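See below for the structure under consideration.
Each chain gets a letter, A, B, C, D, E and F, in the order it is written, and its residues are counted from 1.
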Amino acid sequence: MTSKPADPIKEAEKRALSNKDLFKTFARWYSVVEVSNSYERLQALSFCFALSGSLRKLYKGDDEGYREALKRHIQFYNSEGTFGSMIHGVTLSMEEEKAKGNEITEEVVTGFKTGLMGPIAGIGDTLIWGTLKPIILALACSLALNGVFVGGLIPFLFPLAIVLIGFGMLKSGYLLGKESVMKLMQTGLINNIITSASILGLFMMGALSSTYIKISTPIQFSVMDSDPIVLQDILDQILAGILPLCAVFSIYFYFKYKGQNYNKLIIMLIVISLVTGFFGILSSS
Amino acid sequence: MNLLVSILCGFLYFLGTSRIGYGLSTATGSPLFYGLILGLVYGKLTEGLIIGATIQLIYIGIINTGGNMPADQSLAGIIAIPIALQTDLSTELAVGLAVPFGVLGVFLDQIRRISNSYWISQAEKHAENLNQRGIFNCAITYPTILLFFITFIPVFIITLVGADTVTFIMDAMPQGIIDGFSVAGGILPALGFAIILLIIGKRELMPYFFIGFFAVAYLGINTMAAAVFGTCVAAIVLFNSINQKKELS
Amino acid sequence: MNLLVSILCGFLYFLGTSRIGYGLSTATGSPLFYGLILGLVYGKLTEGLIIGATIQLIYIGIINTGGNMPADQSLAGIIAIPIALQTDLSTELAVGLAVPFGVLGVFLDQIRRISNSYWISQAEKHAENLNQRGIFNCAITYPTILLFFITFIPVFIITLVGADTVTFIMDAMPQGIIDGFSVAGGILPALGFAIILLIIGKRELMPYFFIGFFAVAYLGINTMAAAVFGTCVAAIVLFNSINQKKELS
Amino acid sequence: MTSKPADPIKEAEKRALSNKDLFKTFARWYSVVEVSNSYERLQALSFCFALSGSLRKLYKGDDEGYREALKRHIQFYNSEGTFGSMIHGVTLSMEEEKAKGNEITEEVVTGFKTGLMGPIAGIGDTLIWGTLKPIILALACSLALNGVFVGGLIPFLFPLAIVLIGFGMLKSGYLLGKESVMKLMQTGLINNIITSASILGLFMMGALSSTYIKISTPIQFSVMDSDPIVLQDILDQILAGILPLCAVFSIYFYFKYKGQNYNKLIIMLIVISLVTGFFGILSSS
Amino acid sequence: MNLLVSILCGFLYFLGTSRIGYGLSTATGSPLFYGLILGLVYGKLTEGLIIGATIQLIYIGIINTGGNMPADQSLAGIIAIPIALQTDLSTELAVGLAVPFGVLGVFLDQIRRISNSYWISQAEKHAENLNQRGIFNCAITYPTILLFFITFIPVFIITLVGADTVTFIMDAMPQGIIDGFSVAGGILPALGFAIILLIIGKRELMPYFFIGFFAVAYLGINTMAAAVFGTCVAAIVLFNSINQKKELS
Amino acid sequence: MTSKPADPIKEAEKRALSNKDLFKTFARWYSVVEVSNSYERLQALSFCFALSGSLRKLYKGDDEGYREALKRHIQFYNSEGTFGSMIHGVTLSMEEEKAKGNEITEEVVTGFKTGLMGPIAGIGDTLIWGTLKPIILALACSLALNGVFVGGLIPFLFPLAIVLIGFGMLKSGYLLGKESVMKLMQTGLINNIITSASILGLFMMGALSSTYIKISTPIQFSVMDSDPIVLQDILDQILAGILPLCAVFSIYFYFKYKGQNYNKLIIMLIVISLVTGFFGILSSS
């Protein structure tokens, strides 16, 4: 396990950017990703700022090339910050080629960036934000609800994971270069990984839905002077968790067919909650 | 409320929304973290943690795809938690207080992202002049200073005067409404999960959602157990598909 | 027994075996449904449901492949349930009473199917004459009228006089025999399950049977949980095999 | 999901039989399937009766053709009623061709019917009667045993499902026609579906066996003045549910190797129960 | 200790290490079996079984790959169990007593295997002379006679004089040490499992280890349930891979 | 199931060795396998002794051939005794050919033996000793711990299983012969079986680790005058069984990277146990 990655790292020593340069690039990126996020160009400025130092080194003495590079990378960019770091790495490797004078047109560089930022955003949002984040927060919540104070600190595992994964991505992007990354994206492997991560994600969403959506009905009624019949008991016998399940799928289908107007829905949900809570139709359990 | 606490709150909200450090705000801006800090401040650690976690759960599944924040967990938490601890509000009412601010916070974020357009146009000029420092300032210094005003001031004010207003209102709140908020607290986490389903829920993988759901409902496993089993199953599927590919080629 | 109740029983049995509506008799002729109705009639809803369900379980896995009825759950139920409710029989003894009638009912069904041969020969003539109405009558009217006599009369008589006889016999029944019937009630459902195993139990899929079995035995999940998990696993297998086929071609 | 099936339905409007005709055919079929079932020709009469109305419409003005068709379909037929409805649909589509004067010999129509009725009976008996029915009844029983009166009504979900599935089958059989249906039967898909359904079925049979076969042994004995040793406790520690499992497999192997004489076995079982119950070897638990 | 018991112990150890019958010594030399026999002898069946099982667990996963015995469960058991029963030692202390002997037994086994080299050289000569009887003796008679002396004598002596010594030592043992032995009893089984992991633990199959582990930890299933579910899953995987191969060819 | 194996058995009647001969060979083997195990040649003597009777029969009247055969099979041999019996069977079938005068060189026979003994040892150690043995013992232990005396006898199921499987292996080895066995080893089937058995084995090792590694921490502490916080409770909330899991993987990685010095490790573990037990860091639970 330790011997194989050693080679590309060794090879890296012949490359223009050192491990330290790459780390600095990542550190800049990591610090600012979302700070300057604007409706107009989203993460463009952060991308440019993150690369600025390394670009300076690559285009040492070539102010014009540097200027072009800076302008090239202040254009629209948006992807998931962690996995997206791989794009930074590849971009730097392409700029390195370009700086050396090899034939890489601006179109290729920009095309690569804009071509990959979408798919990688999808992957990252699934893995990092859609799977890892809720898992960590859920664990943290369950500890906190039991009064364990560590629960309040567990969320910091999330940025920690991002740093570790993100820097790894940037580095391997730089070391592998464009061809290898494109090839990697095209083999089924990436699809297999996404499928597996989605399995984990969906499994967790199921588990979290079941754990944390807490609604039940307090309705009771009597038939023929019998003991009061508790509707929730009957529902539980039919299908445990039926109400939370209905809740999540009602919202799901609402979003799917009526569009994702989040704020409208949150207000609707609060109104529904107030009404059903007030009249004793639903309660939190 | 105590002036110092209000300053702390304003500062915590600024910190939690500053976004310095990708994903760091998920921790520094989490109601959970706010609950821990404010619980310590008020000497009510357990209460703080529980209220924090309860509010956190509402926003547990939320993703800011494309940078769009559907709800602001930080504002929800930083307003509701101190007021609740100060006035001994029940967790249900704290939720009721939190949710509207979760909605309002979105507007603050929109102001931020609109104003950021200005800095990028500035940064382009600095790029032209090879002014790295200038780019740096546009990327982080100016947006952060501006953010400080957008975030610190409102939270400072609201927490300073909010507690009394809230006590007044809450005293008059009928039980029915309280029940309603408690239902809201129970139902709102569904929002985030539904959104994630939209993103990753390929039809052919949906059975895994149901297995996870009913593993909790019928076998009573907890979140961590689900994570462990889910990871194992996902790993098996992954290794299988890789193996299969090998055999085919 | 009360004349009216006996008439009701005769009618319920007729209804439950009329087979009008494919699969409807599975509901209208189920001991479960009889237990509900007769429980209401006797004002002993809970007892009716429990006895009905217990008898139902004996026949839960039975399939009439090729139209051959291996046992008659309806006759078993419609005799045993009202008599049990009337004479306050224990559930075990009700089972003991039910089972022999479950066997006897098969003969009634054989009479029905033999006699039906006559109607089809008639129907052929109507077909020759393009007489749709005639076909209709042979297909439904005549068989149903005949069925009424085969089914209503015996049940009416047995339930009318049965209760007294049964009380008499049961009073003299030693505990050992009662225990025996209770064992029978516990073991007979195995029959139906074994039959289904014969039909769908491919050797290579048998592990799923055992998983289901021991999921209940060791994890204590209930029937619905098993249905949910089973469906999820089956769906995963299905989607997998479809996917694989796609990849191969 | 909604756009695709729309096409064939639209196309149906150019076809001779309307949706209403098809529904009437299904309604007739559904009502009488088993009423006239005889040892001689089983569902022959029901099949003929079900189609008679639609055939009249197809052979409007062609009494001879109509007569032939009726006689053709009063011949031996037996399949599972729900999935079998697909055969009715396809048959109608073939008769439509035939009525229009296209070359479809009587042999083709009958061959299709008799060729498919066996396999489809197998599928239907597995899915509908061997899987769906016991699942619904098991749920109903478990509710009823807890005194929930809805349990007594749950069985009606079964005919409801039959109506929904059956009509769908008939309709798609008619719209798809013979070629498509044959093709469908030949792709592995149908096998995959059966395998999956069998998995569900077997899983459920396992679960139901474990839940509803209730035997245990009350035998106790003592060794060296110890506390009485409860045999069932030891069995449970060795393998939970070992007796029910033995019961179901004893019967299974009896049927497999000694033939399926159901009545003989049921009597044997009662005798065994009475003897073992009487002597305290087994009890119901 | 009673002379007869010591003779029995010596004989039991000889039997349990004689290796006559491949895999038979796994039973006749198991602490579990010793616990049963000695429990009967001392009239303390339950205690004997519990101590035997506890010592057995330490060695449950151990494999003698290539004939190399990593630890001697038989010596561990045959020394610790009778002494523990005789002096009413707690199970924890019995473990503490057993473990060192488990290590020492390895040397006895090494003597055996070294001496066996002599018999095979003898056997070669018999082979040359087609002397089947001679081969037989070298293969079984001589090694067994020799083994008797290596095994019977030390155990006989130790058990004869051991009890008193042990009582003396144990009386002086501080609670902290006793706790330490109890931890050792709890941790040592990990050794055997780790070894098996080394042998069969392909990386891509490791998720199954974790599923098994957490199925016990979170669902509370017992060993037998794990065996059943594990077998079912393994069977499904096997049938699947066979099927797939068929489809490909 | 009964009809297929019948053929080769019938065929066996034409073969030189009867079923009884084979059983005798197995009985000899089974009795002595490990008795004469030496560091020098391990199971060589047992192999030779086991075959001696049957070889005598094969080389009836051919003393020289018999002598050669005996010497051939007193050479180094070591495999797992149960599955390895298949090698005995194949060897006998090759010796039979050789005795008949067919061209089989000594190299082929020895080559086959030494070629297969390694892989089959791996299979057997995995299936028999690594999976079957701990499962049987674990069941036995759990019964014994509950005071059920049968627990003390359950281990005898293990040699019983070995006899049944082993004799089956020897017989099929003899009947199938070298070619078939080699072919069998080369199809993926054997790999599939090993994979499945490893799955079972790993699953069981997981379950057994979780059941029988019993350590916990008794550490408690207080924060801000709160109720004492029990560390084990927090660990349990984070991940059930975290300490046993750490234990097994610590040992695993120690063995993996520091070599398998068993005795050194056992002593280290005892020392660690005594220290942590003494200072109340760990306890057995």
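The rule is short, and it goes like this: contacts are C-beta pairs under 8 Å (C-beta built on N, C-alpha and C of every residue); 3 or more make two chains touch, one makes a residue touch a chain.
Predicted model, so just to flag it, every value in this text is computed and none were measured.
Note on connectivity: the fewest chain-to-chain touch steps from chain B to chain D number 2. In terms of C-beta pairs in contact, E-F outnumbers the other of E-F and D-E. The contact pattern of A-C recurs in D-E, the pair among D-E, E-F or C-D where over half of the contact pairs coincide by residue number. In this assembly, C is the chain whose CA centroid lies farthest from the centroid of chain A.
Chain C and chain F, compared by their mean Cα positions, are separated by 52 Å.
In whole angstrom, the spacing between the mean C-alpha positions of chain B and chain F is 55. Residue positions of chain C with contacts to 2 or more other chains are 45, 205-206, 208, 210-211, 214, 217-219, 221-222, 224-225, 228-229, 231, 233, 235, 242, 244, 248. Each of residues 139, 142, 148-149, 223, 237-238, 240 in chain A touches at least two other chains. Interfaces, counted as pairs of touching chains, are A-B, A-C, A-D, A-F, B-C, B-E, B-F, C-D, C-E, D-E, D-F, E-F. Residues of chain F that touch chain B in their complex: 224, 226, 237-240.
Looking at the complex, you find that chain C touches chain A at residues 43, 45, 224-225, 228. Within the complex, the chain C residues that touch chain D are 18-27, 30, 32-33, 35-37, 39, 45-46, 49-50, 52-54, 56-57, 60-61, 63-67, 70-71, 92, 99, 102-103, 106, 113-114, 116-117, 119-120, 123-124, 127-128, 130, 132, 135-136, 138-140, 143-144, 176-177, 179-202, 205-206, 208-218, 221-224, 226-227, 229-231, 233-235, 237-238, 241-242, 245. Put simply, chain C touches chain E in their complex at residues 204-208, 210-211, 214, 217-219, 244, 248. The touching residues of chain B, when paired with chain E in their complex, are 219, 221-222, 225, 228-229, 231-233, 235-236, 239, 243-244, 247-248.
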